[in-house]
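The chains carry the letters A, B, C, D, E and F, assigned in the order they are written, with residues numbered from 1 in each.
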Amino acid sequence: MNDRFNLYRFAAPAVFYPLAGRLVPWFAGLAAIFGLAGLALGMLVAPTDFQQGEGYRIIFIHVPASWMSMFIYLVMAFWAAIGLAFNTRLSGMMAQALAPTGALMAFLSLWTGALWGKPMWGAWWVWDARLTSELILLFLYIGYLALTAAIDDPRRADKAGGLLLLVGVVNVPIIYFSVKWWNTLHQGASVSLTRSPSMASVMLWGMLLMALCFWMYTIAVALLRVRTILLERERHTDWVKAELTGETR
Amino acid sequence: MFGIVIAVIARDLRLALRRQADIVSALFFFVIVVSLFPLGIGPEPDLLRKLAPGVLWVAALLATMLSLPRLFADDHRDGTLEQLALAPHPLGLVVLGKVVAHWLVSGLPLALLAPVLGLQFDLSADALVVLTGSILLGTPALSGIGGIGAALTLGLRGGGVLLSLLVLPLYIPVLIFGAGAVDATVTGLGGQAHLSLLAALTCAALGFAPWAAAAALKIALE
Amino acid sequence: MLEADNLECVRGDRRLFKGVGFRLEAGELLFLQGRNGAGKTSLLRMLIGLLPPEAGVIRWRGEAIKVLADEFRADLCYLGHQNAIKEELTPLENLVAAARLAEEELSQDDALDALEQVGLAGREDLACKYLSQGQKRRVALARLVKEKRPLWVLDEPFVALDVAAVAWLAGLIGAHLQRGGLAVMTTHQAVDIPAGAVKELRLGA
Amino acid sequence: MIHWQSFADFLAMGGYAGYVWGSFGATALIMIVEPILVARNRRNTISFLKRQLRAEARAESGAISGNTTV
Amino acid sequence: MFGIVIAVIARDLRLALRRQADIVSALFFFVIVVSLFPLGIGPEPDLLRKLAPGVLWVAALLATMLSLPRLFADDHRDGTLEQLALAPHPLGLVVLGKVVAHWLVSGLPLALLAPVLGLQFDLSADALVVLTGSILLGTPALSGIGGIGAALTLGLRGGGVLLSLLVLPLYIPVLIFGAGAVDATVTGLGGQAHLSLLAALTCAALGFAPWAAAAALKIALE
Amino acid sequence: MLEADNLECVRGDRRLFKGVGFRLEAGELLFLQGRNGAGKTSLLRMLIGLLPPEAGVIRWRGEAIKVLADEFRADLCYLGHQNAIKEELTPLENLVAAARLAEEELSQDDALDALEQVGLAGREDLACKYLSQGQKRRVALARLVKEKRPLWVLDEPFVALDVAAVAWLAGLIGAHLQRGGLAVMTTHQAVDIPAGAVKELRLGA
């Protein structure tokens, strides 16, 4: 109905659904390629760290997972803001589709961090600002999932969940800057736009490739999930009926 | 005779599954409360290890308690409780069914989760096993005693807080033996004695509580 | 069959009624009347044994209901202000669960049939919380469709029902009476129950 | 080019095997299981919706007319 | 404009007085939770002194949280909330009034009671003053943030547990600064900095939370 | 004065109605009809601005109510399924508190007078939780006695009332219409409102 705006046209579920379907394999493929390249660089080529020995190789998962956990939350908050401001149907579904993956990323960040902390700091867990705020992020993800699951009317769930996302988003900068604001055990940023990276360039490339892999993986899974949500929510529209009775993929 | 107990358990479990969010939320409440303490107290591992049994048990107790107000409240509000009271069998059996169902969706998952949280406090493997065992043994008593409190405060405004007021003092023995068992293991004394006391408490609670709760329910329904 | 003798009801410090008595035989309907606050609901709760009367006694088949206890309740079907349905369950699940808890047999088919009769065909699988006021009431009433217990006690059963549903329910109660059942009922609406002897009892000055 | 002397060396990870493989293993597990779960959920949803669609079609063609048959 | 805020506060206070049991029960919950710890952990005074700030603050936080579900639930159930939403003034002001009233009957009494309990843990006079001050400064933020959670979970089954799940993570900063202030005083560093951060948190929460909560309430009423 | 244009309502995944419109002038009553679940309550909640319609627009004195917001609500009095009374407070306190929250003036005397009119004289100082179903409803209705706002929206106002109270309320609505007020109402009972032009709108097939 909003043919005048391109953006709106893609936001129309009937258009977005097949588009997403076509994009999924591409992103999945890219994720695999980046992942293999990153692993090859990081696990096979990169040299031993002079301080941490081989244990540092956890970085190739820990950092991408940590980044993604924060970034996904930001993206969800962005969709929430759009949804609340313009009442677009798709934005809530996008947030819903991203949330489980975001929670898993936060979990992975904690898990790999814990496995890293034991050999480096001598403890699975310490209560410092970054670790704590990352834990809060996991709780926020789970809170969002629980809240939207508890509300049955999907539109109401979207709105309430969106509001929660907007309130919780203050936590993300806290995670990111915690190492600067507080004196913590956790390492500060070693990749930054203004400084030249303080890491060996092979390590850096390995990490960036892995980050790209995580990124593509997230997009692929989220698109797959949003397609299911679309079918469920729009089941009474004609296009879904056509989709279901015709060939389905 | 026990058909009705099974029927009640089946119905309550189905309702619980219909709103899984509840089970999950209670668990995460447990996780969060446990995590709050190190935040408030500070990160020294030695101190934390000493705290662990107490904190974990207090958190388990609070998590069980939080879901208590709804043990009968939903049934009361929508009139189902009246129907249960009018059914041709002793009300105590119905309450027993509800208590068991409550334990299955609250106490049991807590016991399964507790060892993971124990790791955060750097507990030994032995202590973790005893922790799990003590929670498994102790939580049925919590559900049972809680049932009495829930029945007594049914339909009262502010029931939630009043309920904790009534129930927490009664929970103290369970807490002491439960945390004591873990503590004894940590200090190398062995938690055997504490655990048997806990088991005795649970048996007593499950035998007695349903009937007391049933009596309280009848008063609430007048 | 159902007899009440010299009942007295005190709520708070107000005496709602005293010396109320009646006698109801098989096939008869007791129609309880009175203005708002006269004590109709209170009387019904006495009859089903949830509220102990201040004085007087209630008998079922000649024995005091306090003594009969479970035996009396096995003969009784009560429908209160509230619907006694679970909002999370579907109408179908609600019916089946209610029957199981009352230790009765109710096949899936019978339940579906009952729901169709109350006009909820097509909504058997929608959680009850999505139903309108009147539809929820209909789910509660569906319990009556297959109900064979002799004594029905109904507190304002017609509330929230539309005209068609009111007529249907009146018919159902009539059929119950003709089978030799007893019913006690209150309502402020004018409804006429086809067939069956109707006794009236008016509470309050 | 390749940093490791032998495959065993690679597996040992300089003594950090448990920590490193624990991390990579968990990640691999999640990245395999999550898509499978999503895909399964999708299949279940589709078959459920199809069943519902068929049921609706049957209800419409059948003799039961409307919801007002009180 | 602010007439409505006053009206809401007056009404809520009158309701709270009508059922004093609520206020008293929340306080007793606080007392009992605080007293459970020495039971679960054992009576060493040194250990207890270290625990005190954390335990007192966690208990204060849980006590505040327990009364949250009823912040809007009563008004929702009996239809008053609809009427409030239909009144000709911004809903945010109504919420502000309710939040202030909630603090007056929950946070304020906690702050007055805290020093007494602090004595149990052998805290110094200085630390007791800072403890009271930190609870006075911090609890309004708890009520405000809690208001958002209460509005979001309004009318949902199992709302109580879900509410804690949503709200507890957001309470963590308040807990850290609050307990930190007392801790800093105990260790002789001075709690000034923590207290000002706490004050800033509270101002932000009171300015922002009522509007977020009002938005959530509108969604719940749809 | 009150106009609705082409309203559409979707609940869950069911479209309840579409293309519903009407126009109501001063002194007119809109009587909303339809079977259980037809969407009457939903339509009323749209009219008072609590439920955003899927499509269509509602206008008050020519302007969309979404734009008017506070201004529209200052002209509106709504009475829902629920009574909006506090069980802990007495009827008198309830009335006064409700008026203050709506930013209206209501003297103690006026409130007492209103309570007497709804037949609660002698119960002004009993906490509402002790009142019967119908008496609670009467407390809610007492708000209407001194109500001067032009638009009344009433969802099944007669539920739980006895015959005398029904007649009294019908008279009250009639008087409101004669003063030039507007009213929108649903009920399943047959009630006739004295005086005033009645428009009917039937929802659902």
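Note that in this section a contact is a pair of C-beta atoms (placed from the backbone, for glycine too) under 8 Å apart; a residue touches a chain by one contact, two chains touch by 3 or more.
Remember, it's a predicted structure, so these values are computed and weren't measured experimentally.
Peer 1: With one step meaning two chains touch, work out the least steps from chain D to chain E.
Peer 2: Contact-graph shortest path, chain D to chain E, evaluates to 2.
Peer 1: Among the chains, which one keeps its Cα centre farthest from the Cα centre of chain E?
Peer 2: It is C whose centre lies farthest from that of chain E.
Peer 1: Report which of A-B and A-E is connected by more C-beta pairs in contact.
Peer 2: Counting C-beta pairs in contact for A-B and A-E gives the edge to A-E.
Peer 1: Please identify the chain with the largest separation between its CA centroid and the CA centroid of chain B.
Peer 2: For chain B, the chain whose C-alpha mean is farthest off is F.
Peer 1: So the centre of each chain is just the mean of its C-alpha atoms; given that, what is the distance between chain C and chain E in Å?
Peer 2: The answer is 46 Å.
Peer 1: Using CA atom averages as chain centres, what separation in Å is found between chain C and chain D?
Peer 2: From the centre of chain C to the centre of chain D is 50 Å.
Peer 1: On a C-alpha centroid basis, what's the spacing between chain D and chain F, in Å?
Peer 2: For chain D versus chain F, the centre distance works out to 51 Å.
Peer 1: So which bits of chain B are touching at least two other chains?
Peer 2: Chain B, residues with two or more chain partners: 19, 21, 25, 28, 32, 39, 42, 74, 157.
Peer 1: Got the chain C residues that touch at least 2 other chains?
Peer 2: Touching at least two other chains: 81, 87-88, 119, 130, 164-165.
Peer 1: Among the residues of chain D, pick out those that touch two or more other chains and give their numbers.
Peer 2: Residue numbers touching two or more other chains: 67-68.
Peer 1: Report the residues of chain F in contact with chain E in the complex, numbered from low to high.
Peer 2: On the chain F side, the touching residues are 48-52, 70-71, 73-74, 76, 78, 80-89, 93, 97-98, 100-103.
Peer 1: What part of chain A is in contact with chain D in the complex they form?
Peer 2: 43-48, 53-55, 57-58, 61-62, 65, 100-101, 104, 107-108, 111-112, 115-116, 118-119, 217, 220-221, 224-225, 227-228, 231-232, 235, 240-241, 244-245, 248
Peer 1: So in the complex, which bits of chain F are touching chain A?
Peer 2: Against chain A, chain F makes touches at 12-13.
Peer 1: Considering the complex alone, what residue numbers of chain B touch chain A?
Peer 2: Interface residues on the chain B side: 19-21, 24-25, 28, 32, 35, 38-39, 42-43, 45, 119-120, 122.
Peer 1: With touch defined as at the start, can you tell me which chain E residues reach chain B in the complex?
Peer 2: 19, 21-22, 25-26, 28-29, 32-33, 36-37, 39-42, 47, 50-51, 53-55, 57-58, 61-62, 66-67, 69-70, 74, 157-158, 160-162, 164-165, 168-169, 172, 175-176, 179, 183
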